[in-house]
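Structures given as structure tokens follow.
Each of the next two complexes has chain A plus one other chain: chain B in the first, chain C in the second.
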Partner chain A sequence: MTAFLDVLIGGVFHAAVLFLVAAGLQLVFGVQKIVNLACGSFYALGAYFGISAVKWAIAAGMPPGLFIFVLIVAGLALAVIGPVIEALLRTVYRRDEAFQLLLTFALVLMFQDILRFFWGANPQELGDLVMSYGKLSAGGVQVPTYNVLVIVASIAIAVGIGAFLQRTRFGRILRATAENREMSQALGVNVTWINAAVFTLGTVLGTVGGALVVPTAAASLDMPVELVVEAFAVVVIGGLGSMRGALTGALIVGIMRALAIRYYAELEMLAIYIVVIAILIARPAGLHGKPIE
Partner chain B sequence: MKNGRRQVLKAGAALAASPFLSFPALAQNTPIRVGIIAPKAGIAGTIGECGLRGTQFAVEHINANGGIAGRKVELVIEEETNPKDSIERLRKLVLQDKVDCVQGIVSSGVSLAMGPAAEDMKALTIFWDGTTQDGVKETMPNKRYVFCSTDNECEAVMGSLLAIKHWKGQFKKVAGINPDYSYGRNNFAAFQALLKKYNIEHQVVADQWPKVGTTDLNSHVAALKAAQPDLVFSSLLFADLPIFMRTAHGAGLMDGKTKFVFPAAGFQHTALKKSFTPPGMIFGHNTLYFDYAKGTDLQKQFVKWYHEKTNDYPNWEADRAFFAMAVYKAGVEAAQKAKGAWPGKEDVINAMEGIKVQSLGGPGQMRKDHIAEQTFYQGITTHDNKYDFPTLGTVDVMYSDQLQKGTGQDFWKWIETANIKL
Partner chain C sequence: MRALLVVAAIAALVALPSVVSPYYVTVILPAVAYAIALLGFNLLFGYTGLLSFGHALFVAIGGYSAAVLSAKLGVKSFELVLLISAAVSVLVAIPVALLSVRYVRIFFGILTLAFGMLFHSFLFKFYDLTGGDTGLRVLRPSLFGREFADMDKTTFLVGPFYYYCVALLVVLGFIMWRIVHSPFGLHLMAAREHPRKAEYLGVRVRFVRFLAFLVSAFYCAIGGVILAINTGQADPELAYWTHSGDLVFMTVLGGFASFFGPIVGAFSFVALKGELMGLTGYWRFVLGVVLVIMVVLFPRGLVGVGQQVWAKVRPR
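Coming up: the complex of A and B.
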């Protein structure tokens, strides 16, 4: 039982990370109909910037235990890049999807050089800072407290986005725009502003996610591509454009990966993509394949 | 008139043949150009930078002491990336920059492809690391212009031997977490082959193969913990090693009696903080252990120089780079002495075969089959030091003739038959 719980917790932690990347991807696609490959780059940017912010804050005398707040603020501060990139993407909204994919892929490559320029080529990390939060133990199961905080943060973000989309006026406008952009525009919705706001929100989901997760891992130039590969499995399984799908897809991918690693490590990717193929055949729109709930 | 022109031509030919105007004599007045190809980005970026520091130190040292046979050394540095682009840079160094020797390369993937290209170009090339082996099978048995590092599996062989030496009878269930490419696969296979050779009864209860660059190892650690191994053997060596250590510590994998062998920990030694890296593990520092009390003055001088420049402590790639330059210097000087004039490339190559040098980490030599032999350092870690990361409490030193196959031998047969003193 202990072994199973260890595997399950490992899977849920990975799912939490994937959800933070996939949520931004889903939100942007749901409203703007753009598959934003650069979502992984926002995640990486959040990770790098988070490390610099924490190092700066500690050097300035901040107690190390407060680093989680610095990471959240660092991730939120990167919201400033959202409107800038959205303004660039605005030029291809009406073009073929291939153009959009190429443009966002170009952004991935550009971001890689931007990260290299500011932070260098070597992986960056926060050393043993994550240890300052200690561990939680129950029976034979031990989990770093910080990992639990990341899982809780992901759940809170999922619940928060759900409530925001379902229960706020702005959320209803977003959903209406996702359903029918022209009708929303005819009813007086400022779609240009909505696009900028949604893209910025999607960006922040990635940057905050990257900043929150980096104390448990490391920031590297390879991480955007690595994450996007899995994030795509998440959105195919969950349904492109669906926030609920992002959550379900992330859980399926995270737990499938953990089980594959436990029982036959070589089949890690195969196990995930068997599910992807099965979903594509049996339910092409994904498990929650609506544009946005 | 016709006769006069012939006389002028004859005189010109005689002048050109004269030792006073020979090219070698001209060459002695110019610096020796050494091309370096090393990674500056990606997972091997840190390692490449450390190697470049080793080269920089070697060149400063050589130039301050009169150069190589009286000629100063000048570096032309290029970046190691993928095999195709790295080979293009080799061509550029040889054809455009006209370097006398090329050194560098960390990745086996690049060295495998670059070896034949360097042979085709007759470019004198000394690899820092990587080997010209496909897995453990030598792909270039008859090298002429290419000189290789020690076998990549040396550290795994030594780590396995130390596990047997120190912990025989204390483990039965073994697990592995090794990088998912030939290096990791061969290392774990070598570990098992050595257990078999020394009749250590064992059972592999888990083998994990994270892809290089994986930053979430929670599931891998959970799988290892579930298997309840007595000993974990891991040749992780890039940024994934500190992540593994943190994750394993957080999940309680290191709380019990499980023993750990990390033959390549020396690549990340300063990132493995005491707070999540318990003492009592086997760590490999390969050919340079920066804190070796019995280290030479040269090593201590280098470690001090490196620390002043980087506020960090060097890993073994610095030694590999220094070794490459030392072998080249010794080869040129031996050839010059033997010839009594400035030597050609073939003379230098002949002189380098079998030459012995003192590297940062200790004595080494270049075998006649162009494979390096060097001194290796591993041991059991301690927290009893002035650093925030573990160092070696007990240091075992082995020369690579005990750790790598001989000329033309099969690696797996060598493991079976080698007479190794534990």
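Coming up: the complex of A and C.
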């Protein structure tokens, strides 16, 4: 039972972070129809920037206990790169998917060196700052409080996005644009603005995810390319373009990974891909996706 | 005009080792390997319209087959290594292709990416079988039964091995030329342009896509064997998704709409990367910028640019 809880909590923590990145991927795919390979790069950027921000804040005399807020603000501040990159992607909206994928692949290459330029090739970490929050124990399992906070934050963001998409006027316009771009445009929706806003939101979800994960894991240059494949697994399992899919997919991938790491480490990623392929064969559109033609 | 260019290009490749230093020949050798792999890749991407983001899988199968055959099973003959590796690759491609060709567009890309990463994590994690992240050693093969034992590694690579690979490129290039200009090639293009109409006209769309996938796996494995022999090593990076991305990059750089585009792309990519790596530690950034420029401004690739320039300056 203890072992099971351990795996479950570890898996849910990983899922919480994966959900943020995957939700960004889904938003962008839903509206812009672009599969963003650079989502992992945003995630890594958030992680590195988060470390710098926390170190700077502590040096400036901030009590270490507030570091989670610094991380969130750092992630949010990176929103500034969203509109810039969207302006670049705008050039290929009407082109073949091959070009869209390649353009985001170019971003992956560029970000790889941007990260190395600013933060160097060695992995960066925040040390044992996480432990300043102490641990929670329940049912014989001890969990760092920070991990629980991240899970809570992620759930809050999920609920927030859900409410935003379902209840607000802007959310409705956004969903309508995802459904039928031409019709929304004809009805007076400023699609250019929607694209920029959605892409920025997608970027921020990635950077916040990266910033939140960094106290528990080092930020390294392998982060972007490794995360992409996991985030891909999530959206494929859940169904491209579906927010609920991002949630289900993240939980499946997170827990599978935690299980595999505990019981048979060789299977870690292998198990995830086998699930992905099984889902693509049985339900090509994913668990919550719209059927594909 | 085109025939003239092809002859000139082959002549240039043959003359290369006597003009430039052996170092440059070792830089160019991977380009020959990529050119062969991309000929196959573009049958699928350019001619069939299916963008795979996982074809590094088949390059890696070529590399690892070469490693297992040469270092573990003691197979010396390069011809045998090529044939068996390509056959293994086609065998692996059969189930992968059967599943993948049910989809098109982005789903095809993601499914192939998943297969590629499946193989990568297998290579990476099953240390005893595959050597894990260090990979496996690939031994020098014999060419037509000749060992060239008196040559050191570089002399062998830039000498007989280089010419052998150039000859392979010419032969496989000719075969691919025949394939894309055969009725089968026309079927592929019809299936790309309008699958439903093609089906109506009697093209077995999925079947021809399936065949194109197998051919591409064959070519990619040959490229992988050459790459692995050149470095003397087969490592999991060969199967990583960024390597698949490089394959797409090269094809688009040269121009996927043209038969010779991928070959041009392979050579310019390898030369560019070699130069950049010598110039700056931040070569990935520059490559990214080049890719952005190509995608946004020159979607028809270098060959497309060449054609435009030629159309302007051509004597009328």
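Keep in mind that, in the parts below, the second predicted complex is superposed on the first by the 288 of 293 C-alpha atoms of A that agree within 3 Å, B and C clash if a C-alpha of one lies under 4 Å from a C-alpha of the other, contacts with A are read in each partner's own complex, and residues count from 1 in each chain.
One rule holds in what follows: a contact is a pair of C-beta atoms (placed from the backbone, for glycine too) under 8 Å apart; a residue touches a chain by one contact, two chains touch by 3 or more.
Quantities reported herein were computed from a predicted structural model and do not represent experimental measurements.
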item	value
Joint occupancy of chain A by chain B and chain C, clash or fit	fit
Contacts of A:Leu221 with chain B and chain C, given as first, second, both or neither	first
Contacts of A:Val92 with chain B and chain C, given as first, second, both or neither	second
Touching partner for A:Val276 - first (chain B), second (chain C), both, neither	second
Vertex chain A, arms to chain B and chain C (CA centres, degrees, nearest 10)	60
First (chain B), second (chain C), both or neither touched by A:Leu187	neither
First (chain B), second (chain C), both or neither touched by A:Val7	first
Which superposed partner A:Ala163 touches (first chain B, second chain C, both, neither)	neither
First, second, both or neither for A:Arg116, with chain B first and chain C second	both
Three-chain overlay, closest Cα atoms of chain B and chain C, distance in Å	5
Overlap of chain C and chain B interfaces on chain A (superposed complexes)	116, 265-266
Complex contact set, residues of chain B against chain A	40-43, 45-46, 49, 207-209, 213-216, 218-223, 225-226, 238-239, 242-243, 246-247, 249-252, 255, 271, 273, 275-276
Interface residues, chain A side, partner chain B - complex	3-4, 6-7, 9-11, 13-14, 17, 116, 120-123, 125, 127-128, 130-131, 135, 137, 140-144, 147, 216-218, 220-223, 226, 257-258, 261-262, 265-266
Residue numbers on chain A that touch chain C, as the complex places them	35, 37, 88, 91-92, 95, 97-99, 101-103, 105-110, 112-114, 116-117, 225, 228-229, 232-233, 236, 240, 265-270, 273-274, 276-277, 280-281, 284, 292
List of chain C residues in touch with chain A within their complex	45, 51, 53, 99, 102-103, 105-107, 109-111, 113-115, 117-118, 121-122, 124-126, 240-242, 245, 248-249, 252, 256, 281-285, 287-289, 291-292, 295-296, 299
